[in-house]
Structures are given as C-alpha cells and as structure tokens.
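The following pair of complexes shares a single chain, chain A, combined with chain B in the former and chain C in the latter.
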Partner chain A sequence: MTDLKLYQVGTFAAGNRLVDLELRSVQAHADRANSITSGHRACQGCGEALGARYVLDAAMRAAGGDVVVANATGCLEVFSTPYPESSWQVAWLHSLFGNAPAVAAGMAAGLRALGRETRVVGQGGDGGTVDIGFGCLSGMFERNDDVLYVCYDNQGYMNTGVQRSGATPPAARTANTAPLGPEPGNAFGQGKSAPLIAMAHEIPYVATATVADLRDLERKVEKAMSIRGARYLHVLVPCPLGWAAASSDTIRLARLATESGIFPVFEAEYGEVTAATPIRRPVPVDEYLRLQGRFAHLFGKHARPDLVARIQAAADRNIVRFGLVEAEPRTGS
Partner chain B sequence: MFEQLEGSRAVAKTVARCRPAVIAAYPISPQTHIVEALSDFVRTGELPGCEYLMVESEFGAMSACIGASGVGARTYTATASQGLLFMAEALFNASGLGLPIVMTVANRAIGSPINIWNDQSDSMSQRDAGWVQLFATSNQEAVDLHVQAFVLAERLSLPVMVCMDGFVLTHAVEAVDLPEQAQIDAFLPPFAPRQHLDSRDPITIGSMVGPEAFTEVRYLMHDQQLAALDELPRISQDFESVFGRDTGGLVRPYRTEDADVIVVALGSVLGGVNEVVDALREDGVAAGSLGITCFRPWPAEAVRAAIGPARQVVVVERAFAPGVGAIVGQDVRHALRSAPGDGPAVYDVVAGLGGRPVTRASLRGLLDDVVAERLDPHELHFLDLDHELLERAGTPWRRTS
Partner chain C sequence: MDHPFAITLDVGSSRANKTGSWRTERPLYVHNQPPCNRACPAGEDVRTWLYDAEEGGDAYERAWRRIMEVNPFPAVMGRVCYHPCETGCNRGQLDEAVGINSVERFLGDEAIRCGWQVTVDQPSSGLRVLVVGAGPSGLSAAYQLARLGHEVTIIEAAAKPGGMMRYGIPEYRLPREVLDAEIQRILDLGVHLQLGTTVTDLDATMREGRYDAAFLAVGAQLGRRAHLPAGTASHVVDAVALLHHLGEGDRPMLGRRVAIYGGGNTAVDAARTAKRLGAEESVVVYRRTRERMPAHDAEVREAEEEGVRFTWLSSITQVEEGSLTIERMELDETGFPQPTGVTEQLPADSLVLALGQDSDLRFLDGVSGIEVDHGVVTVDEQMMTGRPGVFAGGDMVPDQRSATVGIGHGRRAALGVDAWLHGRTTAQPDDAAPAEFEALNTWYFADAPRAHRPLLEAVRRSSTFDEVVQSLDADSALYEARRCMSCGNCLSCDNCFGVCPDNAIIKTGDPDTPYLIDLDYCKGCGLCAAECPAGAIRMAPEDI
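Right, the complex of A and B next:
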C-alpha cells in the first residue's frame, strides 16, 4: 500500500483507520501532542487552525516535544489566546505583527548561547510573512538562522476583516478590492511568491503544502525539522470567512487549488526544486473559483470569462514551470 | 583600572564584562563604535558564549532581543536616533512583556532635516515606551550605569535604556576606571528570568487582553516602573560600596542646598553647567544644578527635595515638543505642584539641538538674564537662536527669544 494516498483530515476519520498504523497521520493517534488544543475561537472550518495544529504537532514529535514558538499577530494569535485562556500546549510567544522571524531568530540565538537543544518554530499569516514581516524574514534567511518559519497563507488580512495582502490572488474580492470597474477585484499583478523568494536565498529547505494533504504537510515538517538552518514552509490554508466559502469546503478548496495548478506543491533544497507533487486529476480553475464567493463576480450575470482565462493561464504556467502534470499518466496506485 | 579610552569602547568593554548571551544590533552613528567593538569581542572570544546577530534593521534588532530575552538569555543592543524610532513598536512590546533588555542610546537628533549630531530628541520621543531611561553625564558614569542597568532590569524585569550623548561622550577619549570582570561578576548575578519560554513548562507569553483586564495590566506596569525609584538608589549604593564611585542614584544635586537658582539638565551638558554654577557662586549668586540621572521613571520626590525653596529653576533641555514646548520642564512642574506657596518660577530653555554646542558663555548669559528677571517664565526659550538666519529664511519669529 505504499503508494496509497487518502485524502482525509486525519483525526479518527474512517479513511484513516483503513491505513497501516505507520501511515496514519499523527492526529489519528490517541496520544497525539495537540499543541493547539480545542476551545479556541477560530471559525468553523478554519484552514489555519487545522494547518497550525498539524505543523506544530509534527514539529513537536520530531523534536521530542522540545520546541518554542514565535507567533505573529493575526487570526492564529487572536483566536488562540483570548486572555486569560490559551490554546497552546507548547511554549509560545507573540510579539508583533511584523517581527515573528526576528523574534524566532533571537530565540534560536538565545537558546544556542544557553546551550539548550530546544528547536524554534516561527509562524504567521501571509500578511505577517510576505508583507509587513518580509524584511525580518529575508534577514533570517540570509543569516541562515536555525529557525523553521511557517506561513499560513489564507491569501488576505483576515484578522482585520479581509483586506488584500501581497498574497491575495488577482480578481479576488476583499474588503478593499471590491468588484468594481473594468478589472473587478484584486488587480492582476506579477504576484509575490514567497517560496520562490525564499529559494533565492538558497536556504537549506523550502516547501509548500496545503491542508488537503495533511500527511504530506506532516512529512515536510518532519523533514524540515531534520535539517538545521533557515527553513521555510508555505501552507495554503483556506479561510471560509475571507473566501466566502462553505466551512465544509476547506479541504476541497485546498485540493482544488493544487489540482488546478493555482497552488503548486513542491520542495526545494539550496535554491533548487527537488520534488513537485504531481496533479493526479487536473481540473480547470473554474471548479476552484466557483466555490468561493470572493470570485462570484467572475460568473453569473456579468460573467468575465476573460478574467477566468487569465487566471487559468497563470495556473497553466505553474503546471509547466513545476512539471505538475506528468507526460505519462501514472497507472495503478 | 584607569584606561584612556573612547567612550564607546569603554561602554563596549563594560557591556562585555556584563556577559550578555545575545547581542543583536544594527549600525547607526554615533552608536557604531560600541557595536563594532562588541562584534570583535565575540569573534575573538573576549566575550565567550555570546551570540552576536547582525540583523537587517533596528526593528529586527529589538525583535531578536525580545526573542532572546523571552527564552531567558541576557540580551543587549544599542542604537540612536532614526534607529530608535525604527524600533518604536518593539520597544513598547519589550516593556509590555516585561523583558529585561539593556540598550545603549547614543543620543542623536531626529530628522528631518537629517542630522547625525547630538541632542536628546530620540530617547525623549520614547519617553512613554515603558522603558527605564538613565542619562549619563560622563563616560565614567555611562560605564557605571550600564553595570547597574543590568542589575535593575533583571531585578524588576523591566527594559532599561542607558542614554549617553552621541559624539560628545561616545567619541570622546578620556580616562575611565573600567570595572574589573571579577567585580562585575560579584555585583551582577547570573540572569534568572522571572519567566521564560521553556518547553518543559510551556507558557503562553503575549496573549490578547481585552477591556476587562487591560487597564490592570498597564497599571501593574506603572507600578513596576515606580518600583525602580526605590530600587535604583539601593543599587547605586551597593555599587558605591563595591566600586567606590557615587553615581548619584536618581538625581545628582550640585550646590543646591542654599541655592536661589537651580539649573536642571540631563547628560553631558551638566559638566559645563556646573562650571557656570561655580562661576556664579564666585560672583555671589547662590546657584546650583540638578542632574537627572533617572528620567523614567520620573523621580518627582527627589526633584522636589533637591529644588527645595529655590526661587528660580532653569530647565535646559536638548529636545522639545513642537507645538507645546518643554518636555522635562513639564515634569519639573509636575514635581513641584505640591511645593509650598507659589513655588519657583520655571524657565524652559531648549539648547544644543542637532549638535549645536552649549557653551559656558551662552549658559552664563542665560543665567544672568534669569537672575535679573529679564526672561519671561511663560515662554519657551531657544538658547543662541540665530534671528538673522530666521529672518533670511523669511519666517518671522514669534514667541521665542
């Protein structure tokens, strides 16, 4: 069953119970670490809450529980720590919106000076990572500080009410990119691929992942934790509220984002792509976009197939660039 | 042991002997010589066991200090001017989290217009950031205050800024009695953080606090600051008994006992002020001076006690609040608000902005005007204001003298 991949969220879902014990997700084990525990205030179906739980549990497992976390301001921080409560069962510090990579770098330096083996994880949303915290992130990469930094990309400033970020896709409606004018929604730009920019720093490890493939996410965290130096993990985490999508569609959306080529899932070491997850069942971007209210203005009465075609072109470019669709379809499993 | 040293080097050597575990800094004049020396000490092993982070900005520097201090490491940085402003958000965060970071501020003007020279607008602009602010009048004092700053910070779990005038002190070469390593080790115990991140006992630091408890959290911070008013005099007494030097504690009164007129100032300008005080005394004027060592928290009681029954108080400051006037002057008035009677006349004088020298002649002229009551205590005065230059700029000057 080695090639088998089940798309499951990983808790005690039926699918998980069908796989061999060693293939099951950490979350399937009764003794899971649960770094972020229940009771937090995330929306139903929050991809970020799910992603963070998997990332930190996997990191904790890899480090024998010896982990400290620096967290940026954003949904993840706000929904997890309404004083006097906290969901964190891991040593955790929130400082500011734009400094989590630098705080994490300071932690790593402090721990090294104190002779402690504790590992450091920094984390934040796409805004905290690709926009306001980008200088600190790049500095941390350039110095090759011993930090695993994880960006939970929900493609917008969700915590402040869904404004656009540098990671918001073109044509998306946000609170400040209304569907108005000849190019409704967020402007078509060149995009800002934090993983590619991370690779340009030639750090030991860069990877992307989504909450649709939690085993893959865990594996990448595990791999990242086996490496020293600056590591970057960019995780696509659908946000039902900001994307105006059904809470029950979080996993489906993450999967469609990868299968349409919109969000390439790959790994890179020292600036070179080493692996890309092939698309098993290519789908047109249409399927992905239609499930989200933030793209509703592209369909319906004043449909904009021209803009959908531009988004498709970007996805196709990813497919070619990362070799996401294999020439020979794989047989069997 | 006395050594002929540049102020920056004296501070760097002393900081190294305080054994910081992490230094994260970003260069800016006139702080550069301090951090350059420290990075050398780390590389040569003169400062063993220390991690020196060459960060990408001052915001990164303070943020890295927050992370390092958060895991329980003794942490130091230094900056000035634009760099201090670039840190501003993280400064408030460090104090809010109660992290005992020690920082040197090599006082420098803030642009625009850009100006690398000395005044104290930078640290004054962060007066409410929740940091203790200590001001050195000399390089010896800068050295001595750094040692005490680590003790104070770690005892109270508060960040402490040691302010020393840029260039005037940082680049001045003079004889300094450097505290020996063994003396410092005896005076400054190893860092035992009040709380820190430890995977074996995981805690959440920096959570979101709403209206139900925010006021109380801030109140506790105020209370913690005020505790420094008790702690610093104790530390400076202990310091004197170990190192044999009186660093003044909260304030440094000079010939104030029977003074009619007292000059209040911070930093290196006090040297010149005291010489003018001596000259005035020789001419039969009962003058004195009051140096403020601890500007934050504000030692209101010590200020009131030192000013006593003086008739006139002249506050000479190297910064001001545009559109209002004095900064330190307001605090002096606050300290005097419960003084008996009408209290003394308080004169606000802005001097030495952007590196303009505050000469003894100008100070003497100022004090002669004050004593002769030629100066209006209700106005903001700018020492040595060049009226000709203002006229040439086409801006009529008003409300200034």
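Right, the complex of A and C next:
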C-alpha cells in the first residue's frame, strides 16, 4: 500500500485513532503529565489554564519529566494555588508579579552550579511579562540564560478586574479604557509586541502560538526545549471573562485571531523570522470582534466601522509583514 | 503536628475542590442520525460501516458484514443504487460528498473476491414462508427470513433470478457475474428457488405449499402504452420488453435511427442500449425539460457522453414508417407541459416507449382482504397487506421504485413476517435526532477532494456492453472512506480530551465508550462540544 494520508481529521485534532500513538499530540495521551490538574479555580473555558497544560505537558515530555517552573503572580497563580491546595503536578515555584524571569534565570544558574540537567521554564501572564516583569525578562534575554519563558497572553490584567495591559488591543473595553468618547476603548497606536522585542535581543528562539493550534504549539515547545539559551514563547489564550465572550468560544476566538491575521503565528531564530503559519480559511476581523463583548461598542446602534477598518488594516499589515497568505496553505494530512 | 515553622496545613491537591458544582450545563455524547443513514432506503448504517472501513485491511470484512446485516447486495448496490446517501452527505456542504457508493462497491467486490459468506445463526423455526418474485425485494426478504431461521421458498416467473436487476438494468451498469455471485450467496443459506413458475392463484399456492406467511414482490413488469396513432408498418416496442429480451441474451433489431419516448431512468437505459445495439442515432423525446426529468443526472450525463441526443419539450403525436410527428410543448405555470400546435418531423426507424410500468396483479384476484389502489397494493408500516400474514413490497406497493427501495421493503417485511409469525410486534426504530452540518466543527477536517471512479472510454461504451463505471482501487477506496466526517457520532479523535481546561474528560480505552465526563470537575464550559469535529457532544441544561 502506498503512503496513505489520514484525511478524516488529519493533523488538526488532538488525536486520530488511525495513526500511530507517537504521531498523536501529547494531549491525546491518557498518561500525559497533566501539569495543571483538575480542581483549579479558573473560570469556565479558561484559555490560560488550557494553554499552561498544553505547554508544560509538552515540555515535560520533551525533557523526560525533569522540569522546574517559576510562575509570575497573576491569574495563573491565583487560581491554581490557594493555600494549601495546588493544581501543579510539576516542580513549581511561586514568584512575585515582576520577577519570574529573574527567578527562572537564578534557578537555571543554580542548577548549572549543581551540575544538574534539569530544564527551567518561566511563565506568566501578559501583565507580568509585557509590563511588570519586562525588565527582568529583557535581562534574561540579554544574558541568554538557559530558560524557556512562556507568556500566556490574555490581553489584560484579568485577575485584578480586567485592566488594560501593554498587550491589550486597540478599541478594547477594559475597566480603565471605557467605551466612551471619540475613540472608545483602548487607544490605537499604544501597546507593544513582546515577541518582536524578544527578537530584537537576537536570542536563539522566539515563537508565537495559540490554544487553537495544539499541534503547532506542541511542536514549538518541543523545538524550544531542544535549544539551549534564552527562548521565548508567546501564546494567545482568550479569556472568556475579560473578553466578555462565551466560555465555549475560547478556542474559536484564538482560531479567528489567527485566521483574520490579527494574531500572526510565526517563529524566529536569532532575530530572523524563519516560518509563519499560513492562513487556511481567511476571515474578516469582524468575525473575530463580534464574538467579544469588549468590542461590542464597535457594532450595533452606534457602530464604528471606521475603527473596525483600522483594526482590519492592522490585520492586513500582519498578513503582508509575516507572509501569512503567501505560503502554501495547510491542507492537513 | 509535624509541620515547619508557621505552617499549619498539609499540602493538598486542588482535586479536593470539586468544581463540578459550578456547572449549569453538562456535555453529553450523542448518537445522532447522520444524513446518509437517514436517506438510505435500504436502512444501512452507512456512517458505521465507513468508520469500520477506514481502518482498512481486516476491517473491510467487518464493514461488509455490517452492510450485510441489512442489505445482501453491496456489490450490486455499489453499482446501481442512486445513492441518496451521497445526496444527503454533509460533506457536500464542505467540498464534495463522500463517495459512499464507490466504497460500498469496493467492499462488495472484496467480498466476492475473498469469498466471504454469511451464515444462519438462528435455530430453525420450522415455519414456511413463500416469497413471490426473485427481484431485489423478494431476494432481500428471503435473505432476512432465512437468517431468522425460517424455511423460505421463492417462486419466480422468469428463467433466472434477479428481477429488474437482470431484466431491467443493462449489463454495462451491472455485470451479470456480480449479480449472480450475490444471489448465489443468498441461495446458499438454504433458500429454495423455483424458476419459470408463475403464481396464478395465491390462495391455492399457499394452501398447497403449507406456507405460514407470504411476501409478494412481483414488481412492475408491464410497460405502459400511450394512445399514439400509428401506421401499420411502424415499429413500436416498449422499453421493459426491450430490456427484458436483452436480459435473456437477445439483441433486438431497432434500426439505424431509434427514438425513445419518456424521461425516466428506463428511457435513458433504453437509449444507451439502442446505441450499443448499433443505432447511429438514439434520441430521447421528453415532454418536459431536463430539470424536470425524473432520470438521474449521472445517467443523463453518461448517455450524452455516449452520443444519445435529447429532445426536450416534445410530445409524439403520430408514428409513421420511418418518421415521427413531434409537437413542441411549453410548460404552464404549474410546470405541466401544454401543446403549442407547432409540429415537426423526426426521422426514426423504431420507437421505444418508456412511459412507466405497471404491476400485473391478476394473481391477487379473489384473494380476500388485499386492497389495490391505483394499481398498487396497500400495505401498513410492517409491509403487511390487508390480508393477515401476507406482506408485499418493491414496485408493487406505493413508494419510490428502485432496487434500493425494494431491498429496504424486503427487510422491513421480513422483520414484519417474523414478528407476525411469533405473535409479536416489530420494535419501533429509534428516532435519533438528525446530525446537522451546523453541529460539525469542520475546521478539523483536512481538505480532501473526492476520488472519482474512472469511466470506460467512450468508444468502447457506445459499442459494447462492458461496464462503464469502473472500481476504485484499494487506496482510493480507503481514502474515500476516510473523508467521512462521522456526523453526530464520536470518531475517537481525542479532541474533547485535549481541549478540556479542567482535565475533566476521562479516556477509557473502550472503543464503544471512548470517553466519559468527570462530573466532579466538569465546569460545563462547553469547549468539548464546540470543538468536537463530528458534532457528537451536546450541552444539556442541569436541573438546578
């Protein structure tokens, strides 16, 4: 029989009963590490809880279970570790809101001094990474410390009541960017792209990913774990609470964010973009925005098509900049 | 208390926190009815046998046996069925319908090639059942009744079994060795077949044969005639007789130019047959338009490729030697054709009438209780006539007329006969909700264009009776099976297990129930349902 592709659900679903076990995702295995287990207090449909399990389970498999994790304060910490309970089934260390990259760097240095092969992962939300911990993160990059740092980006300070962060998108409603005035919601032209800044440090590996593309995410974690030095992974994790979206739409939103071009999924090595995930089913940004209450003021009675057009223009720019349609679209296999 | 300074509690797992109490909706795995199953007149569980076939190798036999549960003719149906399953297939809304029919044919051919057989697994009931007519419906009923342990005798008027499968469907659509092989498998179950015998008095036959019940499936063998003024030298035949002669191995003479009057599949079969018998011109004359033609599109397309011409909106008013008078028609607002008074001549050496068929029901004269309405026999849900213990199906009862419908009737009637003989009522079929396209998450299905069956070259098609539509090779059949989206039923892709943020789905390892919801921790977010490719999970409100 010739090389026969497995079309039914191809490579897009977590598993496929027709393919060998090792070709299925880490998440398809009943014996996955379950790095963050049941009983955590994350909201229904939490993208961050999901993203953290995806990333750490893949890292655990890549490192044969020999992993330690430093966690910045934020949702991820608060919902997982109310004293004396813990959801973590990995060696896990609490740190402050702003110093997780530094703590992780210290752990890596300490382990090296002890002659241990244990791998170090630092992780936090976008607030702890893009804003508050940014100095520590930049230092970790600049020293090329042997840490994989993962930012779970839900585009705001969700734990403290949905305030704006440096990763909040333009026009989004948050507790402190009210949908009022001529430019309702978060201002255009502010905020920052942590992956591009990480690239500017010319570290060995930078990648973006989302909870909508599990296979891509796992591949990137595995690749990152095969590299030594500072690595940065930026994972989009929709937040049903902060985005005012249905809990069942978490993965759909992440998918629409990539398919609209709003969130480019790419990889870079030593400051150069090496690969981008092409858009498979292009959609206008409308489809992404309309599912979220934080953008509700752009539609309806006092619709702001002009602002939607500006968001679309940003997405179009990403498509050109990262070559999101030029590459051959994925057909799966 | 042996704790470090300032520590008073033991370390605990968050699993102590039963977050299932947050839930207002719970996910349920469903078994909805896929559109292919819903559409199949023979009652096949298409989704499930495709699911088996996807594994390839040894699983082909499992898939074939699942078809054989309801339909003893996979290789025949894989050729002649008009596959309403594919018309219903949800994949048609994504790219193109799954080629279910070609996979069925592949499985049927594999079975013949490998000699797979079926057995009677029930003890003998000692009861005798008469089947009148060895067409698709009668053979289907006989097959099911034999497997239920009854002693079955089929009485058939023709010289060979098969009914319209032999005497209506030309060989280029159904090679006779395929038909013979599948009929033989049924006879091998111990079914008695009495050929060349016409039942003229049902009561007498049942009495003499000491039959406990009967299933009647005599088909519709009489070609309908039209009142056409015709000259004495004109050559007019009816399509049923033409195809019947062909089935007996004759090659009727039709002349150089042949006209066929009618718009159904029989008309197209006759026209394609005329071409193969040497006609230079084979013209179908039909009163309505192509859109309103009851013949199936693929048949019409293949006929056109073979050089058959179609004259739409035309009725024949006069038949002379060598020529026909044709009147142009136009459709009125109800879509009914109305004459325009404009006529023209169409040269034709012979005219084949394909205007529909009637059942010869004279053998039922005087049989009490049986009701005949508009030329067909009235039956109930179990296919029983007004006469207790006498069932009927196929073309002689009111329904669509096709081999597949007949096979479905045969099975339903067999279950009805069995229940009646045992003084039971048949189980009501469970009424599962339809598996809608909207419930699927098609993102997860890889883009996979359909594999089409190759066609015989046109030159061989118009001169020989070789089979026109060829088989898929093994790889393409497997590929095609794997395009199935398993609508409304779990396909074991692990996506629910993967996407649950609360780790609240348990993988069981049991193929029948691959996943369970851990209700201690399920918060009811609905991600599993939203991301299920097959739409096999439904969110149901909790009683709060």
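Here are some notes:
By our rule, the second predicted complex is superposed on the first by the 304 of 333 C-alpha atoms of A that agree within 3 Å, B and C clash if a C-alpha of one lies under 4 Å from a C-alpha of the other, contacts with A are read in each partner's own complex, and residues count from 1 in each chain.
Criterion: a contact is a pair of C-beta atoms (placed from the backbone, for glycine too) under 8 Å apart; a residue touches a chain by one contact, two chains touch by 3 or more.
Keep in mind that this is a model prediction, so the values were computed, not measured.
In the superposition on chain A, no contact is made by A:A209 with either chain B or chain C. Legend: residue contacts after superposition of the two complexes on their common chain; A:S248 is shown touching chain C, with no touch to chain B. When both complexes are overlaid on chain A, the residue A:R112 reaches chain B alone and has no touch with chain C.
In the superposition on chain A, contact of A:A49 is made with chain C only, not with chain B. Once chain A of one complex is fitted onto chain A of the other, the partner contacts of A:P84 extend to both chain B and chain C.
Of the two partner chains placed around the shared chain by superposition, neither chain B nor chain C is touched by A:I132.
Touch criterion not met for A:V308: it reaches neither chain B nor chain C. Touched by chain B in one complex and by chain C in the other are residues 83-84, 86 of chain A. Here chain B touches chain A in the complex through residues 21-22, 24, 49-51, 53-57, 59-61, 63-73, 75, 89-90, 93, 97, 197-199, 201-210, 213, going by the rule given at the top. Residues of chain C touching chain A in their complex: 9-19, 22, 54-56, 443-448, 474-475, 478-479, 482-486, 491-495, 497-504, 507, 509, 518, 520-521, 523-527, 529-531, 533, 539. Considering their complex, residues 65-68, 70-71, 77-78, 81-84, 86, 88-96, 98-99, 102-114, 116, 118, 135-136, 138-139, 142-143, 145 of chain A touch chain B. Across the complex, chain C is touched by residues 1-2, 4-18, 24-25, 27-28, 30, 34, 36-42, 44-47, 49-50, 53, 80, 83-87, 214, 240, 246-252, 255, 281, 331-333 of chain A.
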